[in-house]
């Protein structure tokens, strides 16, 4: 199989270099080619992701961003997120949204760990999605989480 | 009539394997062909649903997802929902949104039952929609519900 | 003039059979042809309306839906409403949004009356819009309401 | 120069006949041709505006609407506003949103005056935009307002 | 290399002449050609930005706007922001959103300084983005801010 191309769109706004974390795991687990595109903030990620797909022929993109603690930051993340939805529908390619909120945890260290774990797990998701539509079906409904421990399925029987 | 194709887009984030519930009832009630596509979370469902329609020629899709309890989870579901709206309008095909909120009920068991019932009833809705535009007209205004008991129409006369 | 086609998209979720109310008044006031399309809930109305326009050549559509009392119901109505906006812009046809909120009034009977009155008045609006761009201009700024009494214009002179 | 065409989309919901105010000032200040399109409410304005541009070749449109006092009215205005954004991007023409909120002032008279002033000033904006991209540059950053007094620029030096 | 074209879309609503600040720094740091487009308010910026790209062949656009202090102003900024997302996805060009909120600081002078600093830094971002996809990668995850001091990356090791 021809090597796949994975686009990594990241930001200077983030306080963690998420792309480098993604690059490390992708290189370790696959022979995928990586194209990086760094933009100022997460509102610049949707068009960057679309350009990675349409100008660089990426098969999938990870949109890596961090949102600040103010309400306006959440609104901005919401707008970026809607842009990512539209970009995916215009290209028929997945753009995995890997967003971290700076108030998801109390300490800088914990937020860093969330960012790192979420990036890592979504990099693996990207590799799985490149393999086919049912590659993740064995985990369907299993309460998988990125950035924290898996919750697992409801135990109701 | 040629067998119809039903797409099932589901997630590893959910805590119930909703697709398997859908597959069971669809197989029992029809000879429709089923194509499954499992993605990480519900924000990945819109493009997955569109790909099921455009790459696999599905006639209708069920987008099966579960949302967590935090406000950000509701925002994410809202974004996914808007993506599903756009995906339907771009393809002129129905994508039935079968979303369950983890705080819809108090116990895991009740949430599981809602997920199961909603999936089942929307699978039947999908089969009805495949039959034609007026197949459901006999139930119009009848207060039908998915995930819980039907409410029935207002009794005002 | 060739008879116009009016699409009626309605739902099984609603607790009032709004389409039947619309059909009655349209038949009484015009020779328009009516095409009906019943879907499960109001999130299914945008694509149904677009299909009525593009597959059945409807000249205008009434999207008839009811929203429940929970906050999530309002969010869903908001999503459906945005879908209806996009559907109109993609087709250059009006899709009159005839939505009723189950908490608009205190008793079932009052909600029923709102649904009935709103459907009736918007059916007349649909017929007027089919006649031309200035058919309603004589009522411009007159504080017309659907579902309740007209408010009339400000009396400031 | 060939006379420009200005579209005026207005509503029967509004309690002020804003289009007539716009017509008066446009006629006084220009030889632009005016095409009017009256619809029931402001959610009908986006497609009406797009039709004015695409069916009647309007060079610019004023979307004239009023929003009620309830939260749902604001939500509706928000939906209409997003529709107007999309309509502009689909046509590459300006659609000036001239919306008035019925709770912007305490008395009917004041709301009327806001509606009148906002319509008037935006009609002048429409005429300026028709002249070219830098026609308004002399007022850039000057704190111009429609519906009330200009605020002027910050005085910080 | 052929000189690039930078579009500057600005408003008469703003209380700071942000475009002039941008012009000064762009002229000082590059030989880029500048095309300006002044519109009434920030809701007019998305289509103005798209016109700068499609009619004037701008390679990148800065959308310069200021939002008032009322909740409705934030809603309007949100709508404009979504329009900018769509405009970028329709053109595959960056439109840097340079929005300032009038309540970001307590005094007029501070808001002016935020507007000035944000405009300046985003002008430099625009020049960097014109150079290529990895021009900003050396600053990825470095907690860069526009309008205030950089925060820097998390120090967790």
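By letter and in written order, the chains are A, B, C, D and E; residue numbering begins at 1 in each of them.
In this section, contacts are C-beta pairs under 8 Å (C-beta built on N, C-alpha and C of every residue); 3 or more make two chains touch, one makes a residue touch a chain.
Everything numeric here is computed off the predicted structure, so don't read it as measured data.
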- Item | Both-way neighbours, i.e. chains that touch chain D and touch chain A | E
- For chain C and chain E, let me know how many angstrom lie between their CA-based centres, rounded off. 40
- If you average the CA atoms of chain A and of chain B, how many Å lie between those two points? 25
- Item | Per-residue overlap in chain B, given as positions that touch at least 2 other chains | 82, 86
- Reading round the ring, first chain B, next chain C, what is the order of all the chains? B, C, D, E, A
- Query: Which positions of chain E touch chain D when the two form their complex?
  - Reply: 10-20, 35-40, 43-44, 46-48, 50-52, 54-55, 72, 75-76, 79-80, 82-83, 86-87, 90, 108-109, 111-112
- Within the complex, chain C is touched by chain B residues 74, 78, 81-82, 84-86, 88-89, 92-97, 101, 122, 125, 129, 133-137, 139-146, 151-156
